[in-house]
């Protein structure tokens, strides 16, 4: 750690991992409800579990993005953070807001929560991923603005590297597009059309700038490859991302009432969306092969390469599987979508955040470069457990989805939704087992922070 | 050194690698669009043939000639900077830009005509393709002109020389790509039936 | 001689390409906004039942229906698609109302069950009218069949 | 000396330019005179591919490049060209 103020990143990372645990636990509850329909009913109905699952994901990813920014921006800018106090304050504001919101989900019925938070004044609740009460949304905007101000001022007064600029653009875009969460017209088609400006333009747009910047930072630090090389490829990759991804939004406009030309525009451009992910994979492996030194933090490197591969598989390949409109006609809103969602979020955003946590945490905990060997071994085990479990979750959901599309939408005698769900329950059981393995991986991951802490720090032979 | 390069085969195309990656991506999109046009037409031959006749072929011919000519002017601009003649380089670029402008004007007149007839992307599948392809290309002409204009300004300010003129070559390559796409688009959409 | 590849050109392509495609996206959005009135069944919103539909959408949102169901294919995949439920229930708002009102409060043993929301008749009507309005949006023939 | 080689360098491009103009006028006349039919369509397509190749080789300068880059425009023309040709041929079946 080169700057004192980088330390504010630590609570963000810890809270992020805690929320990650909550996310996975509620995921397991939902997974079980898929096959044991009355599990925890009516105490925790499926919709509540799902809200906690998805909202915890979003909040922990945002927390980790913020932690990553607080860690890497001062180091890149070569100056202390503009206001560490503000960063810490915002951490608590964000954490309390998130905790209160989750408590609201679990303790109150959703309609009561809507009433208590006066949703009727500015109705924004009850839309997928944007279930937070309006007041929480306003809180998110305030935290985001304070965060951007803090980061922006730091970058302004320090060295302006490409990594910092790309990160800042991504974070600014994140804040700007979130504003569409407040637009909720009574016209459902308009509602859905602009809802995607938050969701798609986040995950297939500006978030990828953040991903690219964090990945580039970790590669610069761990491989010692010339920054100039990494930065120009970063530009090319994010350029391709936005070139394909912005019009690629069209793949969400096929069946929600928008004009039918979106089927062509959306199909053509989103068919190209795997390209930037493929470039990222090739780029990451090339940089690692050209490394000038062997960094003692092996797990960080593993997570970085894992991100590049799994983002390509989850976002690129699994996205392409059902993005062409003639295919999507049968797979839209099926378990195929769930399969893609799981691997894409894990591969792109969960893994990049663990990458930066893996790189930064040993330094934040006062080590020179890396954890002791034993801790590293545990962490690498957790990598394989979680990643392989996620691959299987994805495969089982894909199997479920293919069968679902066939039985419910394509066969001779299309069958009702619930009848089909019964028939594919085997896949849901298998998915749940894979989910349990994922949880074990997560436990191993958390344990890796505690094992062998008194051992000497790992070093490389060179 | 410079002369060697024009005689001996080089390993790389003229211009910056980044612009070539961009060109590759653009060409891929257009290629998919062209194939999609051809195969969609297969299912609606009568409709495509009927509405193709409503297009203005004279305007398209003028535009074809304008783009080919501007491409040629850009070749002259590159060749001028290669011998270090900045002034002529700028003049050729301005000439190319004026041809680009001609294209934009002619195409805009066509669009105004369509608009007054109430034709839009949702009129039918032929107009969907016609408008999508030509408008996407239209935006590329604007983009190419912005690049050429930027290069002309930098050339005028003396940023390029006989030794270092990668920027001119990059812009030229992009502009030729815009021309190249139109060379296929024109017969495919306006002529072939 | 090596291929020139500079950060400045890469950066300019990023800025230029992003601006280009965002403008194109805005242009297509502009056209879409012009076309939506022919497709999105907005006449229903200004019609006699407009207030009921608006209220139905609010009830839909404030009970987090999207947390289990899909609507036009978007939402959770735990419970049936509702974009065409009006047609699936024989073009009857009453059938929709009856189904929602009859859910057992303690669920169905071993099976997925919709919670009992204790809606008033007026609220039930609002939801049913909202779902009817949704079912009349032009969705390019999606879903493929009545099962959703 | 260098001046001369550069002057020579432009001459093929000028020639190519004139050929491109001539081919464009041909394609236009085919449409204008109302010729139609599969043969005519494929001829127009073929002329367009030739034009594209000329632009690629001479204007873009790929003709004097070694390796895969040399074939970039050719491949780009070839694949859509085959597909378009196929689709038009099928439309006459």
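Letters are used for the chains, namely A, B, C and D, taken in the order the chains are written, and counting of residues starts over at 1 for each.
Going forward, contacts are C-beta pairs under 8 Å (C-beta built on N, C-alpha and C of every residue); 3 or more make two chains touch, one makes a residue touch a chain.
Computed from a predicted structure; not experimentally measured.
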| item | value |
| --- | --- |
| Pair sharing more residue contacts (C-beta pairs) when B-C is set against A-C | A-C |
| Averaged-CA centre spacing for the pair subunit D and subunit C, given as whole angstrom | 48 |
| Distance from the mean Cα position of subunit C to that of subunit B, given in whole angstrom | 40 |
| Computed distance of Cα centres, subunit C from subunit A, in Å | 24 |
| Subunit D: positions in contact with at least two other chains | none |
| Touching two or more other chains - residue numbers and ranges from subunit C | 5-6, 10, 13, 17, 20, 24, 31, 35 |
| Residues of subunit B whose C-beta touches two or more other chains | 10-12, 18, 21-22, 121-122 |
| Chain pairs in mutual contact under the definition given at the outset | A-B, A-C, B-C, B-D |
| Subunit B-facing residues of subunit D, complex | 1-3, 5-6, 9-10, 13-14, 17, 20-21, 24-25, 27-28, 30-32, 36, 41, 44-45, 47-49, 51-52, 55-56, 58-62, 64-67, 69, 72-73, 76-77, 79-80, 83-84, 86-88, 90-91 |
| For the subunit B and subunit D complex, residues of the former touching the latter | 2-3, 6-7, 9-14, 20, 24, 27, 31, 34-35, 37-39, 41-42, 45, 57, 60-61, 64-65, 68-69, 71-72, 74-76, 79, 82-83, 169, 173, 176-177, 179-180, 183-184, 186-188, 190-193 |
| Residue ranges of subunit B touching subunit C (in the complex, touch as defined) | 5, 10-12, 15-19, 21-22, 120-122, 135-136, 139, 143, 146-147, 166-167, 170 |
| Touching residues (chain side subunit C, partner subunit A) in the complex | 5-7, 10-11, 13-14, 17-18, 20-22, 24-25, 28-29, 31-32, 35-36, 39-42, 45, 53-54, 57-58, 60-68, 70-81, 105-113, 115, 117, 133-134, 137-140, 142-148 |
| In the complex, subunit C residues that touch subunit B | 1-6, 9-10, 13, 16-17, 20, 23-24, 27, 31, 34-35, 38 |
